[in-house]
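Order of writing sets the chain letters: A, B and C. Residues in each chain are counted from 1.
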Amino acid sequence: MTPFDVGLLMTGVLLVLVILGVRVAFAAAFTGLVGLIIHFSMKMGFERGFFVALQMAGTIPHSKSVTYALSVLPTFILIGFLAFYAGFTKQLFEAAKRWLGWLPGGMAVGTVFSTAGFAAVSGASVATAAVFARVAIPEMLNAGYSKRLSAAVVAAGGTLASLIPPSAILVIYAILVEQSVGKLLIAGFLPGVFSALIYVGIIVAVSAWRGDAPPVKGYTWMERIESVPGTLPIIAVVAIIFCSFFFGWATPTEAGALGAFVVLMVAFAKGMKTKQLGQALHETAKLTVMIFTLIWGVLVYVRFLGFAGLPEAFKDFIVALEFSPWIVMICILLAYAVLGMFMDAIGMLILTLPVVYPAVMALNGGESVSAADSAFGMSGEACAIWFGILVVKMAELCLITPPIGLNCFVVSGVRPDIPVQEVFRGCIPFFVADVLTIAGLLAFPSIITILPTLMG
Amino acid sequence: ADVTWNVSLWGKRRAFTEHVEKLAQEVAAKTDGKFEIVLHYGGALSKSRENLDGISFGAFEMAQFCASYHADKNPTLTVLELPFLGVSDLETEVKVSKALYDHPAVQKDLGRWNAKLLMPSPMPQYNFAGKGDVPGSISDFDGMRVRALGGLGKLMEAVGAVPTSVTASETYQAIDSGTVQAAGFAPHAHLSFKVVEVADWWTKNLNPGTVHCPIVVNVDAYNALPDDFKAALDASVDPALAHYLDTYAKVYDKWWPELENRGVTQVEFTDEELAAFSSKAGPIHEAWVAEQSANGLPAQELLDMVKKTIAE
Amino acid sequence: MMTIDPGGRSDQERPVTYIRFDGWLARVENAFNMFAAFSILALMLLAVAQVVGRVFNTPVPGFIDITEQAMAIFAFAGVAYCQRVGGHIRMEIVLGNLSGRTLYICELIGVILIAFTVALLIWGSWYHFERAWNIGDSTMDIRLPTWPSKLVIPVALSLLFLRLLMQIYGYARLIADPRRTPIAVPVIEGVEEHAKHEIEEAFGEDTKEGGSK
């Protein structure tokens, strides 16, 4: 057996273990560890090889976790858990309603913007859907909106969380592929807004055509302006994070910490109790350790792949394919859509990127290719950013598609009177909108790359 | 190949790794390809800071690292990172490095990691590039936030500057936004971290010191080599270093025009200023000797030897 | 600690020692997770101090070094807690369709495999700590020793190992008699139940009074 064969064999073992339901972080660590033992045993005999592998694997948890760039993750997660106590949701929805209610389907449009705004700080798609199911659905139903539309717009609006900064998943992507965290986070901003606008376009068009989602009129300018101050904390958090990255005033960790600090103060001002802070911290710690375990676990496996030379081989295989790079790219994205139906977005990214990302970069012409010589018409760095946003968008899409579109189940769970099939059916237009968005991002990559490029 | 060695490197292939590329070529040529040295870039085999760990238990046979990444892993090597030793060019640095590698205390130090020093990756002197008011004299560094790590940071602190934590990859943004006003790097790093794109000025002749980044090999793997392979490896070091120096000279072919084109002011300090600045290094040298002597190393002897070799 | 058996069985049938040990372990795990939580809060405050300090030209010396070394705490301290509550992600398409003894056998194999991996990693990460302790290692800027943060890993993983032993026993007793009430093992939930839990997490305490149930 060559090292490469061992690499292939162990990758097969990993797939089987993951499908059989072994926790992904440890399935990867197991595969990596056994792979390293086989690798070094073949080179220097089992007695020595076992200990070399053991020590090699033993360095990785510390070495890979203790990385400054990753320290931004818990701050973003903390913002998300505190955002609920800071009570941003009602004011945000109220303001969006007063300002945008006059459009056809105006309440639904308001819901899209307020979920997008809340998603911006919370970063948690599923939780956002849960909260707005309670805030927005009753008002929409009172105004005569159908259950189907009311529920669907909340489920779909929640998916915008991962693109608009702060976003933990984009941080993880940036670190795994060794790109600037700040640039990835900034890059998500316009696609997030773009997605929201396409949702709005679909709502307005469908509502105007069907006439079943009446506009909400009659708010005076005074009432509109009065609704603004309630949204200021949220605007402050987004502004802190956006400006810190865009103008380089603070590093991602510092910006995340500042944002968390602001939300914490607002939450205290809104009457959050110490016990609730304790709960938020407990949950933050749990999610943080889950992500870190996933990262180092998979990196034990990736270290083994490095010795086996597998990423190189997969890269060569992809580049040697006879299809056009665009076809290959679309196939990769579709594969992510399928995988996303069965797996959590973060797990899916961490598990696949170490092998898929080098192949995508090679497909474009290499890490340091110029835009002119590249397959997709963009530099290596731009391609890395572009691919990251597309993959995250694919993963988000799966939150509103069967079989495990979690957002739909959550909305239906909050509103037992709305069956989940109804929510899924209502999401069809938003699914179409997302497909349009992805097509738009494929055709006009500058929606993604223009802001990071301006950062220099 | 009869023998295959893996080399753990971080980052991309660049001037800094060209001697290893050349070494692999030379060794292959000298042994008809029977001794193969495979380079692994991008930290695929280990993070740079854990390369000595990997060497110690034999996960790979060769690796590069910088002494300043972990001063307490390799205290003897940090003598070459002391400020104002007076190293004027890369040739001198090669010379003093080789002399240091021959010292028994240094071999013992690295021996704890089962490592044998093969060759240096000589680095040019650090200098500061910054944005804003051009410093006319050393006193202008007073109150300036600078990115300067370890010993260099201490030296800058001695003249009133404020060392501020920024990762290398964030330096560009940090200078652009004024988070720090200047950063100390060797010229190639100013280029690769794009500091030069936002800099208004560069200290041409401050030359306070540099970092020391050797290539090491695993002792057991080295001793296990057949005599002819060992001879081939040893004989390849000098051609590899010669090739390295040639490549590095080309970095400067890019560096000077880059400074010109971008209108970066090249600050030259007067001899008196530099003398006053370098006098701040005295206490830092003394502190180093005191600390390492307390750790049981012949620190004064090492420092004297280094200074003498440089002066020769 | 549990005094009433959820399965309504007599005292003789209940694994008392096991339940007691589980309760003791859970407290240690909770404490470790809280330690991680406070390290996150401390990191937040330190970073705010860094930004504010920089404005006044007094940044925190070695901020990056301190942050990096402290990361070991929140990256590892909660690892056993997370395993207890079933927080480490996995795919449940196959497991979700199994039940009874088959399910518990699959779960048991998975946990044994994790325990094997973790045992070896405790060993390996201990070597990593030992090198830093015996030979020496420090950070780049302000030369903090790295051994304390390297020690966190084998300690946290050892706690995880104890938890895994508990789960091995927990599944083994269910394999022996699948009608027993599961104790100290995470229970698989379908997507509806998962959604319900997400909702409870999002709303915290007020779920009970709200209209969600």
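Rule of thumb we're sticking to: a contact is a pair of C-beta atoms (placed from the backbone, for glycine too) under 8 Å apart; a residue touches a chain by one contact, two chains touch by 3 or more.
All figures in this text were calculated on a predicted structure; none of them were measured in a lab.
In terms of the distance between Cα centroids, chain A is separated most widely from B. Across every pairing of chains, the maximum count of C-beta contacts belongs to A-C. Our note on geometry: chain A versus chain B, Cα centroid distance of 39 Å, whole angstroms. Centroids built from CA atoms put chain C at 23 Å from chain A.
Counting partners per residue, chain A has 55-56, 59, 68, 250 as the residues that reach two or more other chains. For chain C, residues that reach two or more other chains under the stated contact definition are 50, 64, 127-128. Residues of chain B in contact with two or more other chains: 49, 53, 57, 166-167, 179.
Contact residues on chain C toward chain B in their complex (touch as defined above): 50, 54, 57-65, 127-128, 131, 135-141, 143, 145-146. By the touch criterion stated above, chain A contacts chain B in their complex at residues 40, 44, 48, 51-52, 55-56, 59, 63-64, 68-69, 178, 180, 182, 247-251, 303, 306-307, 367-368, 455-456. Put simply, chain A touches chain C in their complex at residues 17-27, 29-30, 33, 54-59, 61-62, 65-68, 70-71, 74-75, 78, 84, 126-127, 130-131, 134, 250, 253-254, 256-258, 260-261, 264, 276, 278-279, 281-290, 292-294, 296, 342-344, 346-347, 403-404, 406, 409-410, 412-414, 416, 420. By the touch criterion stated above, chain B contacts chain A in their complex at residues 6, 12, 40, 42, 44-47, 49-50, 53-54, 57-59, 166-167, 169-170, 172-174, 176-177, 179, 194, 197-198. If you check the complex, the residues on chain B that touch chain C are 49, 53, 56-57, 68-73, 75, 112-113, 143, 145, 149-150, 153, 162-167, 179.
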